[in-house]
Amino acid sequence: MGVVVEDVPRVESATIEGLGRYGVATIHEAQGRTGLMASSLRPVFSGARVAGSALTVSVPPGDNWMIHVAAEQCRDGDIMVVAPTSPCDDGYFGDLLATLLRARGAQALVIDAGVRDVADLTAMKFPVWSKCISAQGTVKESIGSVNTSIVCAGELVNAGDVVIADDDGVVVVRRQEASAVLAAAAAREAKEAGIREKYARGELGLDLNNMRPRLAEKGLKYVHKPAADCTPEASKRTN
Amino acid sequence: MGVVVEDVPRVESATIEGLGRYGVATIHEAQGRTGLMASSLRPVFSGARVAGSALTVSVPPGDNWMIHVAAEQCRDGDIMVVAPTSPCDDGYFGDLLATLLRARGAQALVIDAGVRDVADLTAMKFPVWSKCISAQGTVKESIGSVNTSIVCAGELVNAGDVVIADDDGVVVVRRQEASAVLAAAAAREAKEAGIREKYARGELGLDLNNMRPRLAEKGLKYVHKPAADCTPEASKRTN
Amino acid sequence: MGVVVEDVPRVESATIEGLGRYGVATIHEAQGRTGLMASSLRPVFSGARVAGSALTVSVPPGDNWMIHVAAEQCRDGDIMVVAPTSPCDDGYFGDLLATLLRARGAQALVIDAGVRDVADLTAMKFPVWSKCISAQGTVKESIGSVNTSIVCAGELVNAGDVVIADDDGVVVVRRQEASAVLAAAAAREAKEAGIREKYARGELGLDLNNMRPRLAEKGLKYVHKPAADCTPEASKRTN
Amino acid sequence: MGVVVEDVPRVESATIEGLGRYGVATIHEAQGRTGLMASSLRPVFSGARVAGSALTVSVPPGDNWMIHVAAEQCRDGDIMVVAPTSPCDDGYFGDLLATLLRARGAQALVIDAGVRDVADLTAMKFPVWSKCISAQGTVKESIGSVNTSIVCAGELVNAGDVVIADDDGVVVVRRQEASAVLAAAAAREAKEAGIREKYARGELGLDLNNMRPRLAEKGLKYVHKPAADCTPEASKRTN
Amino acid sequence: MGVVVEDVPRVESATIEGLGRYGVATIHEAQGRTGLMASSLRPVFSGARVAGSALTVSVPPGDNWMIHVAAEQCRDGDIMVVAPTSPCDDGYFGDLLATLLRARGAQALVIDAGVRDVADLTAMKFPVWSKCISAQGTVKESIGSVNTSIVCAGELVNAGDVVIADDDGVVVVRRQEASAVLAAAAAREAKEAGIREKYARGELGLDLNNMRPRLAEKGLKYVHKPAADCTPEASKRTN
Amino acid sequence: MGVVVEDVPRVESATIEGLGRYGVATIHEAQGRTGLMASSLRPVFSGARVAGSALTVSVPPGDNWMIHVAAEQCRDGDIMVVAPTSPCDDGYFGDLLATLLRARGAQALVIDAGVRDVADLTAMKFPVWSKCISAQGTVKESIGSVNTSIVCAGELVNAGDVVIADDDGVVVVRRQEASAVLAAAAAREAKEAGIREKYARGELGLDLNNMRPRLAEKGLKYVHKPAADCTPEASKRTN
């Protein structure tokens, strides 16, 4: 309700950088399959991976005034995370605001709404994950909040949580759990490297993980005679 | 491609009537959780339950000519099942066609597209399950097929399969499996009656099904101290 | 841009009442299958049918201020038609505004957004067609326009056009075409009555409309031997 | 991760009952337009209004095992709130579980997924708000959590928060704020009663709230000559 | 209803070219935030920007016959704008029609439906904005209209209006307003250049636009103590 | 229900390679406009075209165990086709499984659900068509079936059918019809080459196909005087 929280505690930068070495899928697994935003959020351009401290912004539908308020709160490396209070496709953010955010130290934007000037954002290499692309402008009439806890794309985000984003989507790591998740991600990646090597040689997960007895117990049966094929003819159009 | 298959074999009526005594959820469970059409199909009015032999119709988008062709193929108790060859919301069917189908013996319609005249359909008590309601009219320019195998709302339907529909949706039973499914449904319903009685007395599924050891094995833990509550303030709008 | 057009010409009430005797599907057909709003608009309660002069309102997303401005422009029997300038689900309208609109003569609301207090709207029998139901409140900060031409649910509406709405949806008739459409609707209904009677006796559209030669010309073939049935077993779940 | 929190603190019942006297829209406004779940949640049958203490359940997609675990944690008047960890339409809940929940004291269910046996749920008058209706069954293979904080339909819910649901949707009130919100709702309802009376006499919000000067300041203009009407002819279909 | 309007007046090419120097977002702002098509329209390949005179085409669902009729009406630099009379995903347009349109002078396509052969369209560098990509073919059985006013992706388009499209979407400028919008766009771009420079130096919109007093008046508060963080544990999956 | 069919008959590789020379749109047309999966399936990276024998996999929602089972059944050049038994967005497949499938001979994946590690999949050039991109992990608790007939994205697929996929989507050719469809595709491509040449010279489809008489018969009229333009002013936003 019209609150800007200043000087939010952040995770130390070495930990954030460490998390940024792992992709979203690895981090998500490493923390017990939690923290993933909805798959409706997509990168404006592919190939970017970022990790940073969340600067949260709650905005009214069709009103981007609070992004200006939040710009002042940026610290180096922050990722701005914006959620409207009801579903909205408007283009809250474009190349002007990207210029401002970058000048103030923010490295990326995650927004559960629309953005515009995407050719410019791509040329600037300012990474953005958004729900859609829309040139529809917004007003500056109503206030919201900065650095309070929000729900963005179905996921709770506190100010100062760590956000990691790449081509697979966006994941949130609680501030208090960042170090533990970093360690778990490193362990997972090491384990996966070993599996990748075995898979590349054609070894089966069925054997590596001794899945066959449990599959049999569940009732899985192998047969050799296929059922008669289905050849529905109905859907052919004639004109 | 422009084929009408006549004199399709149907399941005997006693079996169909038997299946009609069970709801869609029971039938779906009784045949191993298969055969359910997508939940996007909804009844035009609530409270109906029907079971009948499927009279399948493949139609082009925005063209209802084949429903006239199919009307001639109706036998008593049939349920017409209509799928467009690409997604379409148009209103293929209204009170005139319902009058015709009823006169020719059909008892209901399932359509992965739109219908109209829904006040009349409701007054006539002609049951319809459809993807949407739309007054948008269709043309009669292109042909399709009748009584060939189709995919309707994600589910394969052969002519002569049994279709059961109620407020929970629409399920398909293969013609060859109708008797077996009927027996399985009866067994399931009997079993559920016993469970319902125990649940009504407050007995837990945890105990009735001896779930506790397996839950413990999976790692479920009971704790008494709740985590600190979350009280995000961000989303309050101020105007 | 911030314009209220006053004293818009309206169709004479006898014509509007005449149109109200026909359903949306009939009117839509009578004017050459035009004027239908998207099927995403649904009535808050079923069974209502209204016809009235359109009082158009263009509103910003999440801002219902202009509905207050428009309330002053209501004439007896008007139907308020509201479209946001970008997609919005918020609840722009509830029982208070319905009380106001009714007191000022308006008989119904059509809105390509959300409404709330639907239990009260139903009890009041104030007919509403909306995109969704949402308790989310709106602000009063930005202006829009009243009685200018708008696009609502994909359809152009001019102030003073006639709007007809029922359980099938919402259709718009141009002010200048209202008399002609009324005549065409009457003719269509008369024709349909004859067809309904024949269909009720089981006569086929195939014969009444002499469709068989044209179907044969398109290549429709009748066969007696069905293809082998399809019996996919794959989708059964095992637990 | 597999945690059941027991003996969660609840709001005292007089406060919950008090909140239940107000509708979702009023509560939502009274707490600053916060707490509303997404409008995709709809009641299975209309006309119910409930208020109760939230018993939260986090479930895997397609797996309803934790509902059995949660049933044991019910206290009189609780409302079970269920959210899957990724989007799922399956029918997690039907008449058997409703029988069990009612026997254990729970009065309603809110679920961001599907339910089934809706004819039975309606006959039992067990209120349910769900994302969809689907007969698709679920398994009992993976665990989740009970009475931890979850995000349901876009809104954070802590165990012991108060949930109010009616035909307008579902709103959450933080446990710590329940008394304050109750007072604010009562104040709002009183104020609205006065407005309703004035609106019913035809008094305008424009005058009651002295909106005219501010509208003029925003640039709103009244004109008498409408623009030429638009009469697009394109969309008429010819067949 | 089956009308082709020939020799539609067009805006002079210098004005169209001038508009093409500005992006969709700028044009949309310059004309008072109007004219934007829905964000569901996306470019088949990124990086194109076009401006041209709209050649409008109204088509039935699943029928692309009128695109052939419209091809004859192309003038150099025209942009064909196609809208189906009810929602349709079919692939109305591919490399053959692109070859034809280019040979007849058209420079781009905007269609609220599907297109196909997108690898070829990309290789040809023929710009297309569409609702989806689908190989589903269409028929040539029913007529529509050319160069009448249509609604495309929620926006009214008259023949001869100017259409500008880029990676942000598609915007329509009324023919009569093209010169005025061009002047406004130039003014806006000049103003934005100055702002961009200041933002790049880290100057805040808060200060440049003197927003602080108005934010304070709205009740915005700055605080230093964050609320307790939320750490919901519920959504972790365990297997 | 827990069945793995081994040694499914496949189309000979020369035929499959032949089909792979034609795009999805051509194959779809060549077999009478049938076999196309829904347009919701999109390639993870653009520019790939594959043709192969379908290895079908039916999976529970949120459970990718059967992909491991299916990996063992791969033959050189196979395309794995995966469909969940109810709608699911989870990321069933990433770079580890792609490494395994490639080592076992499979050349591509088609899945009516989500995938992850898309930067790696792109770098590996392992082609995938999926419904969405999601890092959400899956479990290994419930079984499904391999090489039984499934419905994937609205289309029936039998094990051993030929699947062709490119930037336009995914099409299925029945095993028994593969040779005939190959011949028809070649014929169609040859015919299109001639048309393309004529279109490139600006010859109209209206003349090449002698469409003018039939259009006139349908009632198409050419007029020279446009209707008055529409200039709705309503949607301009003022702030």
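Letters A, B, C, D, E and F name the chains as they come in the text, with residue numbers starting at 1 for each one.
Heads up, the rule we're going with is that a contact is a pair of C-beta atoms (placed from the backbone, for glycine too) under 8 Å apart; a residue touches a chain by one contact, two chains touch by 3 or more.
None of the values given here were measured: they were computed from a predicted structure.
A.B. asks: Could you name all chains that are in contact with chain D and with chain E at the same time?
C.D. replies: Shared contacts of chain D and chain E: A, B, C, F.
A.B. asks: Where each step is a move between two chains that touch, what is the least number of such steps from chain B to chain F?
C.D. replies: 1
A.B. asks: Count the touching C-beta pairs: is D-F or B-D ahead?
C.D. replies: Of the two interfaces, D-F and B-D, more C-beta pairs touch across B-D.
A.B. asks: On a C-alpha centroid basis, what's the spacing between chain A and chain E, in Å?
C.D. replies: Those two chain centres are 27 Å apart.
A.B. asks: Which residue numbers or ranges of chain C touch two or more of the other chains?
C.D. replies: 1-3, 32-34, 60, 85, 87, 89, 134, 136-137, 139-143, 148-149, 151, 156, 218-219, 227, 229-233, 235-239
A.B. asks: Under the stated contact criterion, what part of chain B meets chain D in this complex?
C.D. replies: 23-25, 28-29, 33, 36, 39, 42, 46-47, 49, 137, 139-141, 166-169, 171, 192, 195-196, 199-202, 204-206, 209, 211, 215, 218-227, 229-233, 235-238
A.B. asks: Flag every residue of chain D that touches chain F in the complex, lowest number first.
C.D. replies: 60-63, 85-90, 134, 136, 139, 141-142, 218-219, 227-233, 238-239
A.B. asks: Residues of chain A touching chain E in their complex?
C.D. replies: 2-9, 31-35, 65, 68-69, 71-72, 89, 91, 94-97, 99-100, 103-104, 114, 116-119, 122, 132-137, 140, 142-143, 147-149, 156, 158-161, 174-177, 237, 239
A.B. asks: Using the touch rule from the top, collect the residues of chain A that touch chain D in their complex.
C.D. replies: 1, 32-34, 38, 85, 87, 149, 151, 154-156
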